[in-house]
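The structure's right below; bear with me while I get my questions together.
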Amino acid sequence: MSICVVEHDELHALVQRLIQQGPAMGPRERQQQPGFYYFDWLNSADELVLDYVTTTLPPKKAFFPPREPFLEFSRTDPAKVRSMTDEGPFVLLGVHPCDLAAIEQLDIAYSDNIADGRYLANRARTTAIIGVDCWPDEYCLCTSVGTEQARGSADLFLTPIQRGYLVEVRTPRGQELLGDSAQLPATDQDEADTAQFRREKQRRVTAKFATGVEQFADILAAGGLTEVWQEVADRCYSCGSCSLVCPTCFCFDINDDINLDLTTGARIRTWDSCQLPDFALVAGGHNFRGERWERVRHRWHRKFLYLYTQYGRPFCTGCGRCSRACTADINLVEVSNDLIAYAQRETQNV
Amino acid sequence: MSEDPQIRASKIVETYQPVAAHIVQATKLTDTEILLELRLGNGQSLGHGAGQFVQISMFGVGEAPISVCSSPTQTETFELCVRAAGNVTKALHRLEAGDWVGIRGPYGHGFPVEEMVGKDILIIAGGIGLPPLRPLINLVLENREQYGRLIIVYGARSPQDLLFTDELNLWATCDDVEFHLIVEEPDDKWQGPVGVVTVPLRKIDIEPAKTLVAAAVGPPVMYRFVAFELLQKGLPEDNIYFSLERRMKCGVGKCGHCQLNNLYVCVDGPIFCYSDLQGLEEAVEAWAPPTAEAGGKRREPGKGHG
Amino acid sequence: MKTQAKPRVAFFDFACCEGCQLEVLSLEEQLLEMIELVDIVTWREAMSEKSDEYDIAFCEGSITREADIERIKHIRETADILVSLGACATIGCHNALKNQFSMDEVLHIVYGDRAEWFDTISARPITAVVPVDYQVNGCPASLPEFVTVFKHILMGKEYKPPNQPVCVECKLKDNLCVYEKGMLCLGPVTRCGCDAICTSYGHACFGCRGLVDDPNLNAAQDVLAKYGLSVEEIVGKFRVYNNWPELSLEESHSDG
Amino acid sequence: MADRLNIKVEHLTRVEGHGNIVVNLAAGRLEEARFEIVEAPRFFEAIMRGRDYQEVIHIAGRVCGICSISHTCAALKATEAAFGVDISEQTLLLRRLAYNGEIIGSHVLHVYFLAAPDFFELPSVFPMIEIDKDAVLRAMRLKRLAYDLCKVVVGRHTHPVAMTVGGFSFVQDEDELGRIRARLVEAIEDVKQTVALFKSLTVPQFERETEYVSLKDPALYALYDGQIYSSEGEIVGADQYQEVIEEYVVRHSTAKHARWHRAQYMVGALARINNNFEQLHPLAKEAAAELGLTVPCFNPFMNTIAQIVEIAHCVIDSVDLIDSVLDRGVQDESSRVEPQAGRGVGAIEAPRGTLFHDYEFDDGGKCVSANLVIPTAQNLANLDADMRQFVPQIVSGTREQITRQLEMLVRAYDPCISCATHMLTVEFS
């Protein structure tokens, strides 16, 4: 890995070049609601915003679309059952450290055991990722899950400094991207600026877990927290927003959509959420997670216990989207700290 | 993912692309169950193990996980027994010989057949639980000398609901099969015992240490009654295997629907060893002994809402 | 399919704005494809022919007069498959709002001393009078759902209206939640299937597709109360559409 | 001439809502000729009582599925008048654009789908596919265009989404507006073809001198705004509607009837063209000339023709409106408003004629009283009068011929009965 400095105008030109070479997705400001951002395809470098507050949906939508027809079929002809072809390669720009960590985690989960070919094929189309460092807001909890410095899947990583951006070239592909952009050597001042940025970022994170993720997993594993789960469930709509916006959630549903000829159609995969009431309902009418509090518990368990145990890292990257999205103001950090406090009270009482 | 994207892409398999399979024969077993015999269109053998399942596609309707119910030694074709439960399964009931469907799989973790060698085998089937156990029964029957006793307990709602009646007759007349049949709602002609599977189960004498149990029993609540009986008999938890069902979409441990605590029914199951399920909160309904204690605690209602 | 005669389809309307039928008419090209599959034998709004023999009946509107009850029962008897089309037919919609007054009162409010010339009964959706086989929710009926239901009927499939809130579709479309703009929205408790059309156009959801099966009204009440709404106003908001079955928010409120 | 004739057409088809035609002739004398409205009333004014203004507007649009943009706009105008809110130039342009979309859609629906089958002696538009497929496809294209225009601007044709008090909750981007503009330009050819088709058809001859009522605006062909004008020569402010228009209940109708100078008057496309012919777009005037529509025109059957002229006007006007919006550049405007106590009247030319919404709010923005006056209701007395004069002229025909011609007359008015049964006056205490 090497570092260099790229000035603002030079980066702008680089982005413009990438957009001209092929599709590029990056954070944009919402036209109707300034101050809010979303990932979308870029028409020009002017649309890309690099100092943005976390987007509504994470960038995974680039290679794991919310609704993706993946197989076309004909009811009358087996030869016409075919995977739908993907479009070509694209690049992903302006990804925050938490989302870089999330992409890495999705890669792990989807490659594990029987790999998900569909996901991997789409992911392979993502030929480059440029990450960028950011300022937290009151929902961000990256320091609690150790993702504030994540670089995972990035080819280039940018940190804003006085002179422009300090660029970490993390892969050969990253070097290739830079091409003949003017790369200035990083001075001591540039490095000091960068270090300062990171310290300041760390300092500004206010939402924090009261324990480390390992102890938190132990607390969840020990159980006996039903009272807290029920208290949360009492306020929870079961609307699924929290998991639908989560960069590390990867549950989905598969359905067939037939055309009006009643013969041809497509099989479609759609994001799903374990918080929705019918998620575990089977044909006989039995619901394996029918109670709201069981679903709430499952969300925390999956993120901080099951997948944590399986992959050695929590499946939460601290982006805070779930808390932002919850219309019932159920806050990931607050609830987690309630659980921790409850467990600590219980152990003291024993 | 530092691998070259090109190399990466070339390794990718079409996880969700079914292959065509043709219906060789469709036989109505009961009002609600049909037996489909299928042959893969690519001429290959399915190559399944006892207890594994496939994802069957009725294009335009959807996919459903169905256990393969024919013996693993039957390789030309394979069989599925389908209960009409919803849209996909009802559509499967309309199939006739010559029609085609899509098949993915086989998937899942089947029965530990090597471990079973030399043991007494106790099979407990309730209703639609028989089809996933049938490959195992057939396997044991085909290699009868490798195993000890073969005890089969099969319970159905009524005599009309009995599946594979020809085979039942065969098992009943076989000297080396101990076969117990019971129904809940007898008709005029019924001469056998009346009740649920736990009734004959209670009366069976076994040698706990050398017996291996495989069970699949219809509605989820039945599991804990069966588990209770088996534990009463002193069976070690490691010797009990259950076939479980959950909602399932992908079949490959991705979609999240079939998750049971940290386990995925589709890849870690559907055949589970009882000891692996111990202590899992979400298995409590199936596994806790039927005492008021355990059952009552779980159903505690969330304050006025549920 | 080919050897069988095409199923015969009829459209009927009761008290409503007829917007649902109009939406169906606006399918145009798709409607032409549908006509390949079925024969439309009765559609008062679009054609003069009428037939009392049909297999599939799409019924729009609410039941508001004694005579309507007989009429819908007759349709139910005649049709193999009855579909309630839109909010009026499925959940009562605005029509049932008058039920909060006595019928004498509404007649007098409107027709004054000529009130006795007219008759009216408390309004109810078709689903409250006869069993229906399929439902299309929405005000107007959501067209994607109408087409889906149409295909389900022809393929002999059951259709269960999605038991998920509008928030799901809002999220899939990457909309900014209207709460982020400081506005109220009934999306979290309202059944989706509309492709989140209102929220996609920056508007709040008014709940036209009815409540999800097990809405957490307790949560809804807490959230709306945060915006300074009284219980009465909250009930009023829900009642813009959700009037059937009677909705009792007060009871379900455990002070939280 | 038939000596004794009773005609009753129950639940007239190819109109919006339920209505019956009743004609009784005894000993060669006309005893009765009337159009009964049997649509179930829906009591809108009663249910708006006590509701928040945003809910009132939402419900107001649901009065009628076919002209919900008109109802929504009328309700918005009334509410804005009550709150003293001014709308921006862009909002006005976009509302007028959505409005044109509704008029085009409604008129195309009526002209092609409801009225045209009469000219071909067909029961519906579906068999027309065999006779004149081009016409049917053209009709679908035009209607699709109208719906898409509404969709682009307000989200949906039936029950629009994006219009709020003071502005819009969503403003479409310039590319989309540009695309729909291009389609509007292409549609001019379809409009010309429509004119050519109807030029070849014979409109029944019948005349009765009529009072025409519509809005009037000194600067524009009045649709979205204007003062109330009668062809008898009087013009008054929209908020004075109750002083000039008298509504009354009749036994045979769940919709009220209305009068002004004469015992009855007519509203709608024909009334507008009679009153405001000069302000039509030149291309629309050309269409009128082609179709033989000259003012004054007292033949109610020509209402269908007047609608075609308005389609032409609205298509071209929409192109101009989009140009104005694009010239100014699309702005994101906040539409936050503070409710205040007051009363406001919103008058607008719905596809079927002048529509009034009248609300009073308290200082929290809750509705205290509501009154809606719907075009079709205003036309009912005039329609009855036309029928009474028309029946003796056609009575020599066969029963089928008489029935068909009466149905055509009623359809020419393009009655929207669902709407009409909601016009009610309420004073809440």
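When the chains are written out, they are named A, B, C and D in that same order, and each has its own residue count from 1.
Keep this in mind: a residue touches a chain if its C-beta (ideal position, glycine included) is under 8 Å from a C-beta of that chain, and two chains touch if they have at least 3 such contacts.
These numbers come from a predicted model, not from an experiment.
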item	value
Pair with more cross-chain C-beta pairs in contact, given A-B and A-C	A-B
Intercentroid distance (Cα basis), subunit C paired with subunit A, Å	37
Separation of subunit B from subunit D, taking each centre as the mean of its C-alpha atoms, in whole Å	65
Between subunit D and subunit C, distance of the C-alpha-averaged centres to the nearest whole Å	25
Subunit D: positions in contact with at least two other chains	170
Where subunit C touches two or more other chains at once, by residue number	155, 202, 214, 216, 218, 254
For subunit B, residues that touch 2 or more chains besides their own	60-61, 86, 303, 305-306
In contact (per the touch rule at the top): chain pairs	A-B, A-C, A-D, B-C, C-D
Residue numbers on subunit B that touch subunit A, as the complex places them	1-2, 5, 8-9, 12-18, 20, 41, 57, 59-63, 85-86, 89, 100, 102, 107, 219-220, 245-247, 249-250, 252-257, 259-262, 267, 281-282, 300-303, 305-306
Complex interface listing, subunit C residues touching subunit B	155-158, 214, 216, 218, 252, 254
Subunit D-touching residues of subunit A, taken from the complex the two chains share	31-32, 34
Residue ranges of subunit B in contact with subunit C within the complex	60-61, 86-87, 90-91, 303-306
Residues of subunit A defined as touching subunit C within the complex	30, 32-33, 36, 38-40, 56-57, 61, 66-67, 234-241, 244-245, 258, 260-262, 270-271, 273, 276-278, 292, 325, 327-329
